[in-house]
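Alright, structures below, take your time with them.
In the two assemblies presented below, subunit A is common to both, partnered first by subunit B and then by subunit C.
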Partner chain A sequence: MSSQDTQSTTEDAQLRAGIDRSLRHPVMFFLCSGAAWLAVSILLGVIASAKMHHPEFLSSCPLLSYGRVFPAHMNVLIYGWAMQAAFAVIIWLMARLSRKECRSAGTILTAGHIWNLGVTMGTLGILGGYGTGIQWMEFPVFAWPVLLISYFIIIIWSFIQFRVRPKGQVYVTQWYLLAAMVWFPWIYITANTLIHCLEGHPVMAAGINAWFRSGMLLLFFTPVALGAAYYLAPKVTGRPVFSYALAKLGFWSLAIIAPWAGMQKLAGAPIPAFLPYVGAAATALIFIPACTAAVNMLCTVLSDKDTLSKSPSLRFVTAGITGLIILACSAVLLNLPFDGFNTLQLSQFSISGYGFDVLGIYGFFSLVMFGATYFIVPRITRREWVSKRLISMHFLLSCYGVVFVALVAIFGGLMQGLGIEDWKTNDLARANPYAWAVTISWSLILLSNVFFLLHLALMWMRLGRRSTHPTLLVSSHDHASPHGEEGDIDNAGEIEPAH
Partner chain B sequence: MSSTQKPDLEENINVAQAHERVDRELAAAAREKRVDDQGAEPITLWVMAVCGIVAVIAGGILGAGGKLFAYGETFPENYVRASAPGTKDTGPLPKPAIDALIAKGQKVYSVKCNGCHQGDAKGNNNFPSLVGSEWVVGDSERFAMIILNGLAGPTSTGKSYPGGMPAQLGLSPEDLAGVMTYVRNNFGNSTGDVVSVNMAKQAIEISSNRAMAGKQVTGEELAANHAKNLPGDPMDPTTLVNPITLEPAEAAAP
Partner chain C sequence: MSLRTFILGLVASFGIAWLAVVVIPFFKMRSLEPIVHAEGTEQAGEVFFPKRTGRIVNGAAVYAANGCYLCHTQVIRPTYAGNDMFRSDWGGLADDEDRGDTRRETNAWDFLGESYAHIGVTRMGPDLSNFGRRLEANYLEEGQSPEDWIYYHLYRPFNRADLRIGRATCPPHPFLFEKKKIAGQGSDEALDVDACEGHEVVPGSEVKALASYLISLKKDQAVPAQLDFSPGKK
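Then we have the complex of A and B:
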């Protein structure tokens, strides 16, 4: 390496370190409060799921009745955790890729507090019995303008950074993130104004709501997670993205197909008959953008199996991409309206829709967000993760837990759907064992996220390891002493080339 | 020690340590690799094949929807849910007669009466009020004749309205029974009785047998011929009836 190269590499590293420092507080705030909300959400999820098989559980307290706990669980998961994780990842990635320091960290941080206030008030509103009863929009009506305005204040700086970026090619991650940044206000404003502000037929309002839920998953969480994965996989492995052509196919097919999906939830309802079937076909076609992106990621990652086994961020991202493949397959499987195999009908009023949502939000999106977190946090705090055991516990419990929740809910939902079709059987009795399994696996996930929250909080308090060695998931058997390299405090040895 | 000395050669700064500190600050950023999206692999055949299969399935889903834009065929009017397999078709759940007739009458009122007598039935300067009118809440035959034939000349209050009221044509017995029951038990009127479909049938027959058939009735004719209740046994308002046919029905089996 020539000295000039060394010089530019150092300057480059200084620029990146500067960007990281400028975003330290907003990103850590979003991640930590998001992780705290995630723990709250999972706790509510455990309670809601327990009520599926033990309806009398906590039934003396109206605050914790199923009709309040379940919506609170979903809304906290979405607006408390998933959106805030997305904010952290978007503002950091857009700053890094536009090569601009963030000059509005204080404003973003303030807006982040307002967002959290909105989520808190909304959640208390749901638990107090003031929920709207419109799925994923259960926060009382006052909440949505608050959330929307704070969204714009948080995200607008990333647009500005993109606008003033140095000239050059726009990277795949930026396509996805920019699209998600525009699509969220589109679906959020559309759904909220049509349902809350304009008079309309209530059946159509249910249709709009179904479209909104699908849009949140496919038009916001999916592109954010894919954008993060397209950044992390080549960044950590150091290999180029497998195929630029596949990336383009994946992005444009998502942009074209995803807005049509959603209304299949209203199959058989008195809305124009083409809407549910177009929705079902579009949801099945989501396989194409999901599969192309997943193949692209996996081919990139699997070119470097050694890094995959060591790097926590890469492991989480790969697990998330695997979740995406399962999500894509179940998108096809759950939307078949054929005689003799009518899963569209079976999944309509059963817990399989919940399984699909959890698979999308946790099994795909959140795992990629965890991967991004494990990559971003050491950079912005300038400390390394404290313990690889906490990371591997988080990884294992999360993966096993979510696979269990999602697959059991999807399959159990189909069984429950068969029970609903045969009016003489008690369909809840059929769903009972699956509900048990969901409760147990949510408890596992809760445990894993308590580890995650603890770990993250330590990092925010700058109690991470002061070391130049990244915390890697290598087996401890390789080291003679368990307090070897990783355990050394202030070990400023030579800079390792590997992540 | 003093600042006048050359700072970069100051002896108490350990250059190696200082470099290490800088290295540590930049360590994470420095060990990063560059991202590169220039992978030039073509889209492999099997990806295309799998996506093609899914596209065919999606086409099948659309096809299974049948006539996607034939709204009337998918959701036919007056659709009644099929009975559960192995059970007798019990039809829609029976309702008390007064509720079923009021529900029916509300629809007829909004089409036939609302335009003149207004949504609150209080009328305005050009159309009389139905609230508390003796000819509405009084004898049912007189009320039926006014609806079926229209009215010329003064109303029960003695006031005349230009042109009078036109005859309401095309009312079925169910419509007539419904709208009479509705007006007599709504807008502040509360006779508490129902006009049954059977009574409405008789009213239509009486109306067609009038000497002046086809002309509006007048106050004199009403007083002379129709100041009485409609023939036929009065119906108990709580009788359970089929809400579609308005005929008496058995209570549903529990």
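Then we have the complex of A and C:
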């Protein structure tokens, strides 16, 4: 190795360390408060789900009535956890890929606090009986400008970093993240102004709301998760992305198809009849971008099976990508408007819509975000994860739980749909066992996230292991420590193996 | 690919869909042409305008804030999109004394007076498009007022024998009612339920607005020929 190379490698390492240090506080803040909101959301989800089969459960308390707990559950999941996890991943990845330190950590941190204040007030508003009744926008109307402004203050620095980056190729991750950063405010402003500020037709407002929900899932959470996966998979395995052409196809097909999706939820309602059917077609076609990206990822990851079994981040990312494939298949399955196999009319007003949302937000997006968390946090805190057992508990319970919630809700929803269409039967009796299953699996997920939150809090307090060896999921019988190799305790740099 | 082409590509791919499915339909729907009843019908020459009375705006806000839309829909889909028209009394009354079969699909004029159409999310409960009509025609006992029926239902829904589904899964909403000391003869509106000694349960202002809104849900008026797609009608 020439001396010039050594020098540039050292400079590189210093630059990376500098970037990580500059973002430590904002990223840890978003991840920790996000994880706390996630636990709150799942707790609310368990309560809401229990009320599906036991309506009298906790019914004397107005704050905890089903009609308020369920919207609070979804909104906290989206704005409390998912958006904040996305912020952490976006600002860190954009800084790393633009090779620029963050100079505005304080501003981002302040905006992050305002965001959390907005979410808190909004959630209390829903529970207190001031919800708007517009799905995923149930926060009282005062909340959306607060969230929007803090979003801009958090994200604008990543744009600036991208503009002033050193010249070079733009990586796939950057396409996805930049696009998501543009799409979110666009759909958020559109939906809120058209519904809250301009007077329009009430049914069209419901249509715009359905488009907004689909846009949040397909045009913000999906690209952020895919961007993170495109960064992590090659980085952890050390192999290049399987195919650049596939990556391009995946990105542009998402950009072209996803904005049309969403209004299939209004099939049969009095809006122009082409809107629901365009929405159904676009949602089914999401299969193309989703599977293109998923195949690309899996081919990259499976080229190194050994790392896949050991690395927590890679395991979570791969599980999330598997979730994306299931999501893509159910997008097709739930939206077919054909005579004789009209699953659109079966799923339209059944719990399978909830299953689809949970599959997208938890089974795909959140799992990838967990993978990113397991990768990012040791780098910014300069400590390794405390316990591999906590990680594998989190992994197993999350995966089993979400598969259960999503599949049960999707298929239970189709059964319920059959009950609704067959007007002589009692459709609720059909949905009831599935509602039970959803409660049980949310409880599993709650347990797994208590582990995650605890682990993350330990890392935040800088109580992680001081070691140069990352915490890997290896089941070793020959090591004394249950947490992996100890390595260099002082974290002062690599030491030569003693033997 | 330069940044400029990238941004242009994004704006074009998103912008076209955004205009086509959101912005243009929004402005088109905002100014619907009024529809006039055709010659030869009872209301010939009149503009179609389904009238609703009651506390629509207040009631809709209570309906929204308490998540009624999560389990109840308010849309009767045409038969190509679902079997709603065949459900007993969802789309109207199958056998009205004066008007015969009044069942019809939901149309764009049915939500006038509300700012947001609560189409609904799931059907854990029945569709409410014609709840007010159904309530008055089928559910009421001798001498009971529609409001009273709704109050008892919301106070404790799952104990009702008069619902044909057996056991309702609607959660109770006792917090919409006030429990207060009986003063003098007590309130006329007090519910006949177990309250502590010397107390009575009376409906609060929110539940009154909600009841008024629910009673106003009667979307089975005769529609002009242009909106009438039912095969049985001329």
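As a convention for this text, the second predicted complex is superposed on the first by the 479 of 499 C-alpha atoms of A that agree within 3 Å, B and C clash if a C-alpha of one lies under 4 Å from a C-alpha of the other, contacts with A are read in each partner's own complex, and residues count from 1 in each chain.
To be clear about the criterion, a residue touches a chain if its C-beta (ideal position, glycine included) is under 8 Å from a C-beta of that chain, and two chains touch if they have at least 3 such contacts.
Remember, predicted model here, so these are calculated numbers, not experimental data.
With the C-alpha superposition on subunit A as described, subunit C and subunit B clash in the combined arrangement.
Touch criterion met: A:292 reaches subunit B, while subunit C stays clear of it. After overlaying the two complexes on the shared chain, residue contacts for A:272 are found with subunit B and with subunit C alike. Once chain A of one complex is fitted onto chain A of the other, the partner contacts of A:135 are limited to subunit C, with no touch recorded for subunit B.
When both complexes are overlaid on chain A, the residue A:281 reaches subunit B alone and has no touch with subunit C. With both structures placed on the common chain, the touch criterion links A:240 to subunit B but leaves subunit C unconnected.
In the superposition on chain A, A:433 contacts neither subunit B nor subunit C.
In the superposition on chain A, no contact is made by A:145 with either subunit B or subunit C.
In the three-chain superposition, subunit C clashes with subunit B only at 80-88, the remaining stretches of 26-34, 80-88, 188-196 or 224-232 being clear. Residues 270, 272, 276, 278, 344, 423 of subunit A contact both subunit B in one complex and subunit C in the other. Residues of subunit A that touch subunit C in their complex: 51-53, 55-56, 59-62, 65-68, 70-71, 129-135, 170, 175, 178-179, 182-183, 186, 190, 194-195, 198-208, 211, 219, 252, 255-256, 259-260, 262-263, 265-272, 275-276, 278-279, 344-345, 348-351, 353-354, 416, 420-423, 426-428, 431.
By the touch criterion given at the top, residues 1, 3, 6-7, 9-10, 13-14, 16-18, 20-23, 25-26, 28-30, 32, 61, 63-71, 73, 75, 77-78, 80-84, 86-88, 105-108, 110-112, 114-124, 157-158, 165-166, 168-175 of subunit C touch subunit A in their complex. Those residues of subunit A lying in contact with subunit B across their complex are 9-10, 13-14, 16-17, 20, 169, 171-173, 230-231, 234-247, 249, 270, 272-274, 276-278, 280-282, 284-285, 287-288, 291-292, 295, 299-300, 332, 335-338, 344, 378-379, 382, 384, 423, 466-468, 470, 492, 495-499. Across the complex, subunit A is touched by residues 20-21, 23-44, 47, 50-51, 54-55, 57-62, 64-71, 74-75, 84 of subunit B.
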